[in-house]
Amino acid sequence: MRVHFKRSYDEDIRLFEDWRRMAKYAVLLAIMIALPALVSGYFLGEVTLVLIYCIAGMGLMVLAGHTGQISLGHAAFMAIGAFSNLWFMDQGMPFLIALPLSAIFTGVVGAIVALPILRLSGIYLAIATLALSIIVEDIAIIAEPYTGGVVGVFAPPIEFFGTMVDRYGTPNLFYWMCLALVVLVTLGYANLLRSATGRSFLAVRDSEVSARALGVNVTRTKALAFGLSCGVTGIAGALYAHFVQVVNYESFLVLLSINLLLLVVIGGLGSIHGAFFGAIVVGLLPQGLSILRDFLQGTVGLDISAYPGLDTMVFAVIIIGMVIYEPLGLYGFYMKVKTQWQLFPLARRDMFRRSKSYLKTERLR
Amino acid sequence: MDALQLLIGGVANGCIYGLVALGFVLIYKASEAVNFAQGDMLMFGAFLGIAFINEDRGDLPFLLGLVAASLCLGLIAYALDRFVLRAIFGQPQFAMVVLTIALGFVLRFVAGTIWGYDPVSLETPFAGEILSLGGLTLAVADLLIILATCGLTFVLWLFFGRTRLGVAMQASSQNQMAAYYMGIPVKRVNSIVWGLSGVVSAIAGVLFAAKGAVEPSVGLLFGIKAFAAAVIGGFGSLPGALLGGLLIGVIEQFAARYAPSGYSQIAPYALMLLVLILRPGGLFAQIAQKKV
Amino acid sequence: MSLLSVTDLAIHFGGVKAVDGVSFDVQAGEVFTIVGPNGAGKSTIFNLISRFYQPTHGKIVFDGEDITATPAHHIAELGIARTFQNIELFDHSTVLQNLLVGAHTKRKATWVEDVLHLPRTRSNEREARRAVEEIIDFLDLAAYRDKMIAGLPYGVRKVVEIARALACEPRLILLDEPASGLSVEETNDMAFWIEDMKKDLGLTVLMVEHDMSLVSAVSDRVLAVVEGKPLALGTSAEVQSDPRVIEAYLGTAA
């Protein structure tokens, strides 16, 4: 195990602990940038979708993982981001202005919606946001002038200073654009976590009373977390709209909300890495299953396409296993493996044992 | 007359919502977990009922089929708690939310694989029968649903107030640790509550199938509306859940008739959000502040 | 002059008069202790001063400013910090992060600057860290700096909670049963720290405590409260020998 000796407080404030870690992320980023040259166009499209899920996942992670507020309605904010982005572009704004505008719009809507809802906690909040997610479907039909009603809206092409960025026309450019946004959002997220604002989120998650006693305005903090979360999710929604090219009331169903929540759980609540791990699972699962299907048909002649809905079933089983055996998600699993590797062969079996306890009531908050 | 007719139809629908909401509240009262698979349990119960009762399947008499379906679903729910949910005993509410959502997916898949994805309806001895009363035409199914709900609620009320097991359930919902020290086998009580909730949802499912067609995805939306009912009622209270269900059912009927299309679907959720914002603990709240 | 003055404070929950007409003044620089049997309303008085509860009537004045209607999250900024009877730390964070939250009110950067990590955020972080490190030195917590709260022993958590309260740089610190659950040695340490807070940091301490050895060791004045009403006020020895207090504790007719 390597021990890093710190010499100044700034070493704790820096994003990267040491140069090794920085090098690791640099290599990862280089591979991601070079990806279009390495994989097929089809696979690149799938990776682009994963990147969009990453942004949405980070959006929800701020709220669910770091502020401790469960939202089962984040597809609603993806929808707001998507429709507002397309509407702004329809008014003649370039994408570069429309995207931040739609993020801000979604964030503000989120914060406004949050103010009454966030008086609720725990389960009530989950249910209220779930209801929100259902309502949005109907509202998308009612608000026809902005959302195109039942037909939906077609995404206009994106133009950067004369260069066209289009999912099908120029898939590489579209991929790089998504990648750049992922990097930006990740940086902002990491900055947030190493600041007083980020710590106030954690404080609200772990103990509202003592946060308040220490001078944290709990209501404002929750609304801010909700707003930030929704803004980032709105960006994901806008990108998604350009990815699928046409969005309507059916693009952002309740199921997507639920999937987003499951994404952060699979990845591991309370870590940025978790959002990425979760997005990879959620984004690539359908592909993995279709490979499995071809494999099974080729080898044992079993046709699993006879069972519709198998993908959600597999997804559900993964979740169940995860919640029971690995509550910290894939990131928690990764940390365990890493620690065991570093300690090898000195790791003890009970090192990661959870203490079991009786439920503390959450009725009194 | 028209309004009265709507009201009775709404009350009948509301009774089913109320029954599912009762299922929620039962589990919440005992283990403070919210079962997001409750709607799917209703769906499963409906399919079980169809499998036992319909002529081309089990061909059992209606009442016998109802009992068989409730017992089956009761056992399934008991087993779910015993073998799946008990594994996360003591973990925060959030884990339970995620786990039950996933269980809902599984139930949906299993139902779809066994019974297919096409809508089916239940053959009942009273299907399509109508009772004329003055100017009112009432579906017998609606009346039976209302009667059955009243009966079931009364039985549950007696159970919680009067029986040893019922009191044990109340105790373990208040404070698991203390209940355990008092000699209540908290984990087993939890499983029994799940079984009971399964029985209630099977009855609700069969009643639901008697009114209209069932398909595997029906559970999700139905479950959420039943949630709305439970929330309006305050989540901790059995009569509150039932009342919340009735409110949702009636409002849905009236909104469908009088509100412009598009807005009517929103009505139940809008009502719930309104209740949550104005009275965060529901209409029958038992909210208290945490002591420090 | 008195730093905190509480006048005729009362709060009723339904029919229960949890606190009923309590008045006292805490002088700057003293250790003032509230004692009383369980359920006497001691913690409720703390919660009233922290503004978690809204008093039914009465007045709380801190440093000449009426705080009876101040929102709870402004109290820390005014210079009142507190600990909790059952330890309310942020369990899934490190000791360092917990203490840094204590320095929350000292921040100047807005959330936008935090997200972009602009210079003001960075200087905030450095200042907060410097201040927190002094407290870590003061309370001997260096060994636990990067440890998660969830794995720490009870006695250490008690100290971390006090450290976090000190990170607010308060003038008045409210300690809710600082010695409960501590061993004899730990209680002795606690007595030294409370002395140090008073002498070295110039803090005023308002404390609720059952352990009479600690109370007599550190308190300048003691107020006995029974059933929400003040019973006796004086030095530790005076209050302990007061027949009404003995009766309230032992329940025998004097």
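In this document, chain identifiers A, B and C correspond to the written order of the chains, with residue numbering beginning at 1 in each.
Note that in this section a residue touches a chain if its C-beta (ideal position, glycine included) is under 8 Å from a C-beta of that chain, and two chains touch if they have at least 3 such contacts.
Which chain is which protein? Per UniProt: B = Branched-chain amino acid ABC transporter permease; C = ABC transporter ATP-binding protein.
Please read these numbers as outputs of a predicted model, since none were measured by experiment.
Distance from per-chain Cα centroids to the pooled protein Cα centroid is smallest for A.
Of all chains, C has its CA centroid at the greatest distance from the CA centroid of chain B. Inter-chain spacing, taken between the CA centroids of chain A and chain B, is 32 Å.
Note: centroid distance chain A to chain C, computed from Cα atoms, is 40 Å. Separating the centre of chain B from that of chain C, both taken as means of CA atoms, is a distance of 48 Å. Of all residues in chain C, those touching 2 or more other chains are 52, 84, 88, listed in ascending order. Counting partners per residue, chain A has 209 as the residues that reach two or more other chains.
Within chain B, residues 289, 291-292 each touch two or more of the remaining chains. Listed in rising order, the residues of chain A touching chain C in the complex are 9-10, 12-13, 188, 191-192, 194-200, 202-203, 205-207, 209-218, 224, 228, 270.
On the chain A side of its complex with chain B, the touching residues are 70, 116-117, 119-120, 122-124, 126-128, 130-132, 134-135, 138-139, 141-142, 209, 254, 258, 261-262, 265, 269, 307-310, 312-313, 315-317, 319-320, 323-324, 327, 356-359, 361-365.
By the touch rule above, chain B contacts chain A in their complex via residues 31-32, 34, 84, 87-95, 97-99, 101-106, 108-109, 112-113, 117, 175-177, 180, 186, 220-221, 224, 227-228, 231, 235-236, 262-263, 265-266, 269-270, 272-273, 276-277, 280, 286-292. Here chain C touches chain A in the complex through residues 50, 52, 71-77, 81-82, 84, 88-93, 96-97, 100-105, 107, 109, 111, 114-117, 121-122, 124-126, 128-130, 133, 164, 168, going by the rule given at the top.
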